[in-house]
Amino acid sequence: MEDDPISLSADLARNIGVFRDRFGASGNADIIIRRFRSGAFISALMTIDGMTDTREIDENILKPCMALPPDAGEDAPAESRVDYLIENVVSVLPTEMKSNFDDLIADALSGQSVLLCDGCAAACVMDTRGFEKRAVGRPEAEQVVLGPHESFGESIRTNITLLRRIVQREELTTEFLSIGGAMKTRCALLYLRGTADEAMLARIRKRLTACSSDFALSAGEVEQLIEDHPMALIPQCVSTERPDRAASFLAEGQVVVLTDGSPLALGAPSTFWHQLHTSDDASMRWQYGTFLRVVRLIGMLIHLFLPGAYIAVIRFHTELLSPILLASVYETSSRVPTPIFLDALLMTLAFDLISEAGLRAPGTMGNALGIVSGLILGQSAVSADIVSPLLLIVVAASGLGGFCIPNYALSVGIKIIQLLFLTAGALGGLYLMALLGLALLCAACAMRSVGSPLTAPLTPKRPGNPDLLIRFPLWRQKARAFFARQEH
Amino acid sequence: MLLTFLPLLLGGCTGGQEIESSLFVIAMAVDAAPEGNLTITVKALSGSQESAASGASGAQSEDGSTENLEQTETGYIVLSATAPSCLRALGLLGATTPRTVNLSQLQEIVISQTLAETDATLSILKQIHAIYRANDEAVVVVTPDHAGDFIRRQRAVLGLRLSKYLEVLFEHYEQLDVIPPSPNLSAVIAAMESAATDAAAVYAAGNDFDNILLLQGKTDIDRLPGHLPRTAPAPNEYMGAALFSGPRMTGTLTGSEVSLFCLMTGKASTRVSVMDGAQYKTRLQTRVKRRIDPDGTLFVSLRLTLTLSAGNQQRTEEELAAEIAQDCVNVLQKLQAASCDAVGFGKIRIRAFPDIPAWERLNWPAQYETLPVRVTADVKILQ
Amino acid sequence: MQDRSIEQRTRAAYRARACAAGVACGAQIFAVGTGLTVPLALNAAYGAAVPALLLGGAIGLAAPKRLSKAPGRAFCVVLAVSLLVCSALLLAAGATLAQQTLLPNGRLLTSLMLTLSFALLCALSSGTGVCRVAFALRWLLPAALAVFAGLSLSSSSMAGLFPLLGAGVRSLGLSALLSLSACSPALMLFLPPQELETPAPVPKGGFFALRVGFGGLLGALMLAALALCNPYEIIQGQHVWGARMLILASARPREGLVQTLLILAQLFSMLIGAVSTLCAAAQALETAFPKLRFFSLWLCAALLLGALMATAFFGMDVLLAVSPFLLIPEGILIGISFFKKAPS
């Protein structure tokens, strides 16, 4: 009978040989395949150096196995030797029995240990992960005043633990998936069984497993694989680095997708309104939460429309300006050598450059960079009559509005749309801006997030928690979001 | 998909302009010139802190019109052009500057009285409004002087930092409810076109202290200079209202007559009255009742409260009421004599007609002049 | 539970479509009113819009009967042509209003091309997007129109409404006849929303008639606002369609902002109406000729382009002259919907 190239055989030496070949063990120093005598038969343990907790392996696997008397296990059938060790000797929580080489290699690569026995065509995969990981820290991009300050890390197990600490319910289900082609990435789907809609779950599972790219390393890449409209400027999933926010997604009936190696959790399906909410809104009294949401919305609208509207009014609709303001703009614009549209583009680009440079510059330099660039460069540009001071104020106000958007991905999308409106305002005034606005509104209203309308429950109307702009008092929030199962 | 990119290719055709390529006119003056021509004088923003170059450019165009560029206070330039029509003159101004004339910030249009007393006023105003899209809120002013000189005399007052505004005497008076209710460009055009009502514009002149006739008025309000802070007397003086019958100017009202007129139209609820040396603050208690009686009498009823603010009260309520009523009758009769239905009795009369042909058969302007007038005033004095 | 969810989603889709139909009817009543009836009836043009409202209500009542039957090819073709004419009219109205007010230094052809291009962009998301936008703005748009028109009219008197019969009974009657087909955009209710897999359950007739009536009423009220802001002599002298759509009477300073916002609200209504009728026309063509599935929108776009180019070169009267003839297909389609029984 020919050896099956995919599955383990009963011959330990052959199995070890296959593993060595697959890993290129002769040149690959990370692979550890440790043979030892465990009672009446020979066993082997395969791990990746640095990925496992060596103390646990020593104390709970190797020592107990090697301490067995020479006749221990001789009565056990050869094909059940691994079971014998698991039931009687090894004190690590076993995960699964597997016999497929590919699965076992993937598990070993993820930091688990693989226990093989001579005569047994199955191996036991044990969770002995012990690689170095970052401690639970503070959120970098979603800082709040009143809410908790924990954030997700790169370890999927730690992230799941953080969620389970908040959502202590038996219905909380974790499904693990490996996605990608050559280099698999481990993802976890978390949902509340009975609350999340089954059809929606099936859709997400299908999209994740159908991923055909070689690898998908981060949550952002996973998001790009499951979204409905990859060409759209607005993200269709909401991402968060906060466990409390992810827990609120679960409670709403959404599915949370965690990716191993990424500190972001994805909530799907989501709506556009989710991307404007923060966990501070829920932590505060409803009046404060509502007020802050309105401020954020105003900030977003200012960021989106102010530069374009300013250019439109100056080029096409000067009758809207008061004579005092017009005289001021007229004087300052007369001294500036470049057209106002070019000025606005350059100023907006300069603002974005300063923001990006501030993000990338290390440590305290990043903080100082913004002040230096803004004050010195801006002041010099105005004094040299390169830019109009009013335009500088407009671009700065618009930039401040952009920082009010809590979701980073959405803020970048809005920034691109702002440039479109700027161009529209310069080319066709308020009319072209209105046309563009309507086109974008139509596109946004037709978009879906994993099958659910992105702009619901505003349009189309859907029954559920009316938590859009006004953060209703907690006692008024009697229903979950519309994408939960109907009986909830 | 080609269609969706077409707008980008057509971008230049939307008519957008850099702001510095526009000539923003703040004040415009229209005078009659020899040989049936019109002289248009405009005061515009210069766009710089320094004053404009002095001297005349002296350019001559083919049809004989001339253009002059004059020095004025910082921030403004004054330009004038003479041409057979208003549009051609504005076109000449635009060609010589060379910027596009923009009337969206126009604050006032000053027309000389000689021109206002012809039928040309309406067509000039309509051309400016429709073709040059002048600001609807621009105040229409009629002056017995040279209109160009009128706007040259007006001076800008330095207000806020980085801004200047042209002193607009009339805005201040509007707050005192002593200027005609709707002297704005769009309202004047609508009133001139309508058969049911007539226009009343601002009447103003240069403050010539040697000319006693111009300064003669029945009450102090007619001699009151502007209240904006300045070190010298106002160069231009508010005189009252210019009355129009259709497109033609037919009479004037003094300042105090205009305040009574505003009271009767309901556009003003307060005024200052001086009677027998006592000054009263007059306030309307209820809405003014205006109607046309079955016998055709034009009837106005006022209920007023008077509060003594200076001097001693020397008359009873009934006597004061009778004097106010008589003053109102005088104003209405003056309006009738000028064939100017600025109060709006025509708007009341039109309601009785089912359709426009029936209304037009009435010939309201002719009938209006002959109708009797009655005013009743009910006065209560508050201490 | 599943059935309840489907019913809620179906109702939401029909609600959105009805809102779009209401906006389109209001916009068309205003466009046809300013284009055809105002020059005739002068300040009484708002009264001429009332019969059109009644016909729009009839379309709303006929909609459930129509939706319960599968439409025939001829029905769909007639429907498509009617809706295309409505779309062309609304696009032209929006473009001329924009060119008269917001882009006065530009050319009419530019304004028409811009409007058509962006209408196509909006229509790319099929009728779903624009109907949902109409639903989202169902209170905001009428409120904006009411508030801004109210602010513009705040200093005007009721005298503009008199004489009540305008240019006379004959002119008013003729105007009413010419504008009878102004609620033709409501014909889009004869097609089910595109995002629904199954069109059932269909709401009752009052559901549609109410929304169409409300939208149309708004259009008539805007015509009344026009009458209030100008004496009939001014209206008589306005020869440009776009200029007749301006509502401005206030003498207060800085009304430019209020007027601009009002114009933008008017334009939004016209564009939503134009895009929703365009999408419905494409849907009708697709229903009539399933093989045209991917080309129906572009075919409609090409026809619209031709109509608008003709308008740009020969004048707006071309489209306005065609508009009263919409009454014929409208009457036929309503008649078929009310009286023809469904096949057993």
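Labels A, B and C are assigned to the chains in the order they are written; within every chain, residues are numbered from 1.
Just so we're on the same page, a residue touches a chain if its C-beta (ideal position, glycine included) is under 8 Å from a C-beta of that chain, and two chains touch if they have at least 3 such contacts.
What you see is a predicted model; the values in this text were computed from it and never measured.
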Could you let me know which interface, A-C or A-B, is made of more C-beta pairs in contact? A-C
By C-alpha centroids, what is the most central chain here? C
In angstrom, rounded to a whole number, how far apart do the mean CA points of chain B and chain C lie? 41
Geometric centre distance via CA averages, chain B-chain A, whole Å: 66
Averaging C-alpha coordinates per chain, one finds the centres of chain A and chain C separated by a number of Å equal to 45
Shared interface positions of chain C, touching two or more other chains: 103, 114, 118, 121, 254, 256
Chain B: which residues touch two or more other chains? 7, 14-17, 104, 133, 135
Any chance you could list the residues of chain A touching two or more other chains? 316, 319, 428-429, 432
In the complex with chain A, residue positions of chain B that touch it: 7-8, 11, 14-20, 22, 24, 26, 45, 47-49, 75, 102, 104-105, 107, 133, 135, 159-160, 162-166
Chain B partner contacts - residues on chain C that touch it in the complex: 42, 103-107, 109-110, 113-114, 116-118, 120-121, 155, 157, 159, 162-169, 230-234, 237, 248, 251-256, 301, 305
Inside the complex, what are the residues of chain B that reach chain C? 3-7, 10, 13-17, 104, 133, 135-137, 181-182, 184, 186-187, 189-190, 193-197, 344, 347, 350-351, 353-359
Write out the stretch or stretches of chain A touching chain B in their complex. 314-316, 318-319, 321, 323-334, 339-340, 426-429, 432
Which residues of chain A touch chain C once you look at their complex with the stated criterion? 316-317, 319-320, 322, 428-432, 434-436, 438-439, 441-446, 453, 455, 458-463, 485-487
